[in-house]
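As written, the chains take the letters A, B, C and D, and residue 1 is the first residue of each chain.
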Amino acid sequence: MLSLIVFLPILAGLVILAVPSSQKQIIRMVSLLAAIAQGVLAVLIWQGYDASLPGITAAAGGAPEGSFQFIERLPWINLDLGTMGSLNIEYFLGVDGLSITMVILTALISIIGVLSSWPIQKQVKGYFILFNLLSTAMMGCFVALDFFLFYVFWELMLLPMYFLIGIWGGPNREYAAIKFFLYTLFGSVFMLLVMIGLYFSVTDPVTGNHTFSLVAMASQENYIKDAILGPDNVMWRYAAFIVLFIGFAIKVPMFPFHTWLPDAHVEAPTPISVILAGVLLKLGTYGMMRINFPLFPEVFQASLYVIAVLGAINIIYGAFCALAQQDLKKMVAYSSISHMGYVLLGLAAANTEGMVGALYQMFNHGTITAMLFLLVGVIYDRAHTRQIDKFGGLASYMPVYAAVVTIAWFASLGLPGLSGFISEAFVFVGAFSSETTRNVAIVSVLGIVFGAAYLLWSLQRMFLGKRKPDAAYDLEVGADGHEHIHFHDWKGKLDLDARELVMLVPLAVIVIFLGIYPMPVLGMLTSSINKLVEVLSPVVMTALN
Amino acid sequence: MELITNIGLNHFLTISALLFGFGLFAVMTRKNAIVILMGVELILNAANINFLAFSKFNGGMEGVMFSLFVIVLAAAEAAIALAIVINIYKIFRSVDVSSIDTMKE
Amino acid sequence: MHSLIQLSIAVLLLPLLSFVILIFFNKRLPRRGDFIGVGILGTTFALSLYIFWSVVVQAYDPAFRVAWDFTWIDFGNVPGVGPLEIKMGIVIDNLTAIMLAMVTLISFLVHLYSTGYMAGDKHYGRFFAYLGIFTFSMLGIVLSDNLFAIYIFWELVGLSSYLLIGFYFEKDSAADAQKKAFLANRVGDIGMWLGILILYSQFHTFSYQEIFANLAAGKFGMSEAWLTAAGILLFMGCVGKSAQFPLHVWLPDAMEGPTPVSALIHAATMVAAGVYFVARIFVLLTADALHVIAFIGAFTAFMAATIAITQHDIKRVLAYSTVSQLGYMVLGLGVGAYSAALFHLVTHAFFKACLFLGSGAIIHAMHHEQDMRWMGGLRKNMPWTFATFTLATLALAGLPLTSGFMSKDAILAGAIGFANAEGGGIYYLIPFLGFFSAMLTAFYMGRQIWLVFFGESRTHLKPADDHHHGHDAHAAHGHDDHHEEAHGVHEVAWNMRTPLVILAALSIFAVYSPDPLDGAKGWFMSMVPTPETVVGSAAGEAQPHETSSASGNAAQLLAEAIPAGTHGAETDAHSEGVASEAASEEHGSAAAVHGTTHGEAHGHEFSDPRQASIAHAAHEAHNPAIVISSIMVVLGISLALIVYVFRIIDPDKTAQSIRPLYLFSFNKWYWDEIYQATFIRGSLVISKVFSWFDTNIIDGIVNGVAVVTKKVAFASGGFDKYVVDGTVNFTAFFVNTTGGILKKLQTGKVQTYVVLLMLAVIGYFVYYFTQLIS
Amino acid sequence: MFELPSGAEIQSIIATLKTGVGFFIPEIYLSVLFMLLIVIDLVVKGRKNNLLSAVTALGLAGGFYFIYQQHLLEAGEIFFGMYVLDEFALFFKYFFVLSGILAVLVSVADDQLNRQARSIGEYYALIVAMVIGMIMMASSADLLMMFLSMELVGLTAYVLTGYLKNDPRSAEGALKYLVYGAVSSGLMVYGFSLIYGLTAETNIMKISAELALHGYDPLVMMLASLLILAGFGYKIGAVPFHFWSPDVYEGAPTPVTAYLSVGSKAAGFAILMRFFYVAIPHGGEPFQDIAGMDWLSLLIVISIASMIYGNVVALWQKNVKRLLAYSSIAHAGYALLGIIAMDELGTQATLFYLLGYLLMNIGAFYVVILISNRTGSENLEDYRGLGRKMPLAGAALTVFLISLVGLPPTIGFIGKLMIFSALLAKGSVFIWLALIGVLTSVISLYYYMLIPLNMYLRESQQPDEGKDATGMVHRIGIAVLMILTIYFGLFFKPLLDFAKISSSMLGMTIY
């Protein structure tokens, strides 16, 4: 099941490899079918998912069964290293509350991504092959329970992303692409070392061998006391936690490692921005929840305040930077930085409300930001500019577009009744409830206002008022006596066309529905989060030592 | 005879060290490729002296064998070296190694 | 589920239905579907009227309360907390019922009115849709039984207000106003949210009842200061919504919206929601918090009144008067005159809605002329409007026999009593400001009435440059302008007239109380008694039995919160009051008697000594309040007459003579300018700084940028502006420079290679040698 | 002075030699092949490039059979301890024959080389000779044998480098290689002489026994190991013995460059490991008294210098061959890390790393050759837009480069993984080495990615000159190499097991 959902896109990629590159439509259809099949599988998994099982760590007796679900576990590499014991790498997939939400999100965003890739004309074949490779890697990261496997998927994402930004990107794409690549690799090479160190420090309770299994690593009693990353080796455990954290923080992206994001977004084509903001950023925080924190809980407990402060900086700093942007897409990119800050803050709360809020925020940010970037793409296709000041009064001329934008914008600024609000609300509830992060939470609340500020301001400048004299479109009086606008060299429908609606409306519906009744998602993840909080709680640590 | 018998290992080693030094000096300073190769010969012969001296004072024939092979190989090396140097001369019209630096950095 | 609950759910959801239908289908429906909006709201009103009837009239019980809730979010078994659920629910008590009736009535009337006022607008249908979602959110605020829900609806009314203020979004002023309104409210909401967080962090619940019960049981884990902070922070929500100082600036600008919206949202209901919310959380406000609230209310009332007297725009005058009246209500809550404040909320809602709709009628008739300087003499053309407008004005000014008199008087009485009970001093400032503002109110309302309805039409005086609509044609030909005007301006149609009449009728004292001088005798203040504080000094031992039942059913909790027999006692006290009041009418000697009796009555109502003493003092202060306020009103009106009717004082001259004061008032105390200069400019500057920091500092080590750009650029063209940045940037910089140096070693001269080789060998040997001999 | 040996002694000597021959069959076979090639070159007239290349490739492939036969023999030393046969040696025999075959393949691909139709026969003969030399390097257990085999490799390498007689760069490369190589081997011999002086032995096992027995003067030993390391280090091209490599790699015919970069480098590693592990294995425990760790500290310094220098200077290269030359210096540094670990895991890692490097580096040069066949240039600028004109080559090159960076799922990643595992398995002492390793590999990403960046992200100025003329053989060739690079990146167990088995040397005492 999980293997299928992971490798479907690659299969599609192979099929596309066989299709002659002139058959653009076929190539697109194949990718779309693969994505839809992925979506169907995701729904099936969702249906079959038992929300009562906690996940995170193994069930009693050290076996992942009974804690994780849809487990697929095959020995992959089993190598005798003599004195070092034996090198066991497993093909180990499974989902729990943390991953299932992300799996569904990934499937959803992949479909949206394929749809929004429709207009791409340049080297369609290569594009969709890389695209499918990317979506396999993303999905793989979320379901992999073996650190080695996770790392392979994690690194596998870089190259397609590099090319997708670098070949199909904007004018400054080389810079953005290499920057993305170097940043992320810089983060992940340390992860490699930590992974090896963990391997030598952890034994599988069942087999007694060293193991890469994240499930085994997640429970501290499996650590060899005097191993390099064992409980006794405090200094290296701190070092490992920090480098891991930086590695994931770069993906989040967390201040001050965030500067690759605006460039990547501005240069990337719309679908890639959607994927990037919708899924890739989540990998950072997902990695923290799955690997960084549970493996080093005591260090995590020690660094709560720092993480919270960094989150707060993300929130406020991102909002301020967004306020200053002239380029709409750059503004949305900075808003992503700001919103991911809520996730960090929620994680730093280290209690159920906060972490539920964080994970839910990951999901909602995925859907909402996807909408935002799609909408930016819509206007960019028509006007070939994203300068906020080049518009004005659009609401009069593109009412449907304006309506959808309003929904997305308000969802992004956390309006109650839309999903973003609930997650941010619980992030704050959690962060405030824990004494450690309380004052940070108080400061971060300012983010609510500035978030509203830049979003409303851009909304006003682009959609309200009248057409600006130097706007990117002409004003003309139609036959019916009403005023119309038309963009230079834009042949398509002025307002949203069918394809764009097909992408946007479902997202909008999801955003609204989950804003009114979040349980369909929250129900899946609460038990896992409770377990995670329990694993991370200092009580457990003291009990251990 | 007196004299000969009073000569100890150290004398040989000193000589070989000196030879080694001269060889290196030649290799480093002389411009002419041929002279440089002669410097290499000096280095090899310094090693030879060592081998012979050690085999004389430690007993055993390995040193002698070694020096013989070194001499032979030196000859072979010289042959190939000359071929290359001639080719260089055909192309660059010079055997001044310091002037042959088209590939750098 | 209680039948009332089912009804109230219907009441809540029907307007939403109207919104959904209209937003999607208004273009396809006849008349853009306005009949749907009106019809649905009519039904809603009927239902709420039934609820009102069965709650307030049939079950005549101050403690009446039905509640219902359901699990909204289930966190499962939370470590350290245990099973945790977030509930959503509905509570109906007297206050709710009254508010329901009021909101739906006004909303219904405004719908009706809009069919006339908005006729022919481009987005006619959308307007009704927005009204629908507003009504929905407003009813949500009224009905919800927990802080989280109220916060949700709180923001939703903010949204609908945003949409409606910006209804004419082509106008930049409107767009600015809507943004301003939303942001100002957000600022208030931050505080409210933090207050909610403080309470949640202690009790892990949002429900009023559970929070109150826990507080009463003294379970609050943090220090007293945090509790006061919670109160003040929650009050900040009210500051934003009810346009209290310092966040009042958005309300006057909000008048950019269509006038019916101003009537519904920015006069009657939404702005009052702030007061309603404070009333909901009244019991957890500590004494200090209440003091803050009282002072802010008093100051707002005074400041707004002073601004109102110099405005020219008819709607702005009303807007500032709204701010001022809201200040009264807040003041009332602050001084503990709970019932009075809410009473004023309701009465004010009706007469202020009437005033706005009236002004709307005028503006409509005057072809969107809003400046009072160019009006005048309308009483002949618009008799109905004139009559209703005047009646409402009297109520607002607080003349006896009007609803406004009773409520305002009760608040002021409370203020005096509060000042007395708190031991005077600075606290006398509060009643003083209250009374002074009362006079100002009378003055500026008198001014408005005169400018609008009396005298001759001054349309022709209007300079040609700042006209709104094509009147300049008339301005050209001299004396028969007035003649033209007389024909141009005429009474509005029935669908705009009816609401005026109904609302005006609702500003008559008889609706609320048999005694025109004492609202306390009326059903309202009896049905909405001041609740028992849960944070008072004596609270702890006052309700020991609550702790046990804290976890239990919330519904019977409040019944316990108010000590048994309160109802009886209340009614006794009431009748007692009537009797002694009647006596005091003849000879004031009996005053002492009724004072004591009332003292007892209230004394055993409140177990909290402070609350009791204030309540007692308030009753003491009842008569003085009546007298003083009447005097103030008379003063104000007569001043208006002197200035504008008899022209004894020429307003313009006076304005010149006290120019600084005049400008200060005319420019609204310069608040907008101050905020513009500080907060808005400030944050923009900060944002600029940050983004510069982002692109230049973080995004490329400062000095490295140029160098690295040059060095790396050759390899990968596009590096025109920056270089790979942050840490990577530094690496690139470092790496490249080192590389640039190191590559020089590769000179291409073979001898150099040999030399370097020997240097390396010898160097290491020497190093090793030194290591060895040391 | 010495009396002649008696007849009996001579008989016994001959007997020993005869038994020894049984262990020497692959080398003999290859020598026959070498002569056969020369003969063919002499007798056959006309164009015989394809014939010669086919014969060479098949002949070398045939060598696998004889090497496989040797698995039946048990490990042991022959020719009076001159020569050994053990798993370690066998590994490298396979390795060098394979590299020889690949070298022939890439040589066939290179137009520039084949334009010199005249006397191409010597070329293949020399390749075979070099294979023999490298095999002997890996198997020799005596200082003399080591010297001889290294000279054999060296001399053939000089000739191959200068093979394009009329190309000045080729000639210059040859000269530099010659001078530098001669000096280095001179130093090495001098070091050998010192070792001989210390122990009066030339057989490395006897040497280690002697040293263990009588101890030694650390100063002399240090000097000796320094000088010897100069000889080995120049073969593996590690800083500071690397100076020849960029110029030679750039000047030599590309197939030769490819061959040197994997073949003689690996041979250098083989001889280095055998010498230091077997002859002077002490000082295994690092960070004790400096006198106790003579050569290990040296290796640590060298590998760090190589990793940093190679990667950092490669950033500046505009010529792809030269870029790969510098990167090969860096890779020498990575491979050395495995040796520094000084245990079975480390050796295994190094052997595996060399295997991976063989695949990906030959592959990379293969594509470089195909591209220069088309564009006639190896400059980075001329790679613009090639990704679209030569899709397969572009994809393959990208894969090889990714593998060289060490990203999954490629064999290069597993190589680095094993190397770092070996370091971290020693506890926290070598973590800083591993850190340098990963950081420099991040740097390497940058310059490696410059090539795909030019191939895909940029458009070429000159118009597309016709379609890709690459022959089907070479398409298949690079495709196979690419697939292997990925396949062994996912299923690397067989190779690792092989490397583990092969990590045992005759007479080695450290593990």
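In the analysis below, a residue touches a chain if its C-beta (ideal position, glycine included) is under 8 Å from a C-beta of that chain, and two chains touch if they have at least 3 such contacts.
In this text, all values refer to a predicted model and were calculated from it rather than measured experimentally.
Enquirer: When you take the mean of every protein CA atom shown, which chain's own CA mean is nearest to it?
Expert: Of all chains shown, the one whose C-alpha centroid lies nearest the global centroid is A.
Enquirer: Give, as an integer number of Å, the spacing between the C-alpha centres of chain C and chain A.
Expert: 38
Enquirer: Could you state the distance in Å from the CA-based centre of chain B to that of chain C?
Expert: Using C-alpha averages as centres, the distance is 99 Å.
Enquirer: Whole-Å distance, chain C centre to chain D centre, using C-alpha means?
Expert: Once rounded, the distance between the two centres reads 80 Å.
Enquirer: Taking each chain's centre as the mean of its CA atoms, how far is chain B from chain D in angstrom?
Expert: Between these chains, centre-to-centre, one finds 27 Å.
Enquirer: Hunt down the residues of chain B that sit against at least two other chains at once, touch-wise.
Expert: 24, 27, 36, 97, 100-105
Enquirer: Among all residues of chain A, which ones touch two or more of the remaining chains?
Expert: 173-174, 178, 182, 186
Enquirer: Two or more other chains touching the same residue: where does that happen in chain D?
Expert: 175-176, 179, 183, 187, 246-247, 316, 439, 442, 446, 453, 458
Enquirer: For each chain, which other chains does it touch, given as pairs?
Expert: Between chains, contact exists in these pairs: A-C, A-D, B-C, B-D, C-D.
Enquirer: Please name which positions on chain D make contact with chain B in the complex.
Expert: The touching residues are 2, 143-144, 147-148, 151, 155, 158-159, 162, 165-166, 168-169, 171-176, 178-179, 182-183, 186-187, 189-190, 192-194, 196-197, 200-202, 246-247, 250-251, 316, 322.
Enquirer: Touching chain C in the complex: which residues of chain D?
Expert: 175-176, 179-180, 183-184, 187, 218-219, 222-223, 226-227, 230, 240-241, 243-244, 246-247, 290-291, 294, 298, 301, 309, 311-316, 380, 439, 442-443, 446-447, 450, 453, 458
Enquirer: Can you check the complex and tell me which residues of chain A touch chain D?
Expert: 77-84, 87, 123, 151-152, 155-156, 158-159, 162-163, 166-167, 173-174, 177-178, 181-182, 185-186, 189-190, 192-193, 196-197, 199-200, 228, 233, 236
Enquirer: Mind listing the chain A positions that touch chain C in their complex?
Expert: Touch residues, chain A against chain C: 171-175, 178-179, 182-183, 186, 256-257, 259-260, 262, 317, 320-325, 351-353, 356, 393, 395-396, 410, 415-417, 421, 425, 428-429, 432-433, 438, 441-442, 445-446, 448-450, 452-454, 456-457, 460, 463-466, 517-519, 522-523, 526-527, 530, 533-534, 537.
Enquirer: Can you name the residues of chain D that touch chain A in the complex?
Expert: Answer in residue numbers: 343-345, 348, 388, 398, 402, 407-409, 413, 416-417, 420-421, 424-425, 427-428, 431, 434-435, 438-439, 441-442, 445-446, 449, 452-453, 456-458, 491-493, 496-497, 500.
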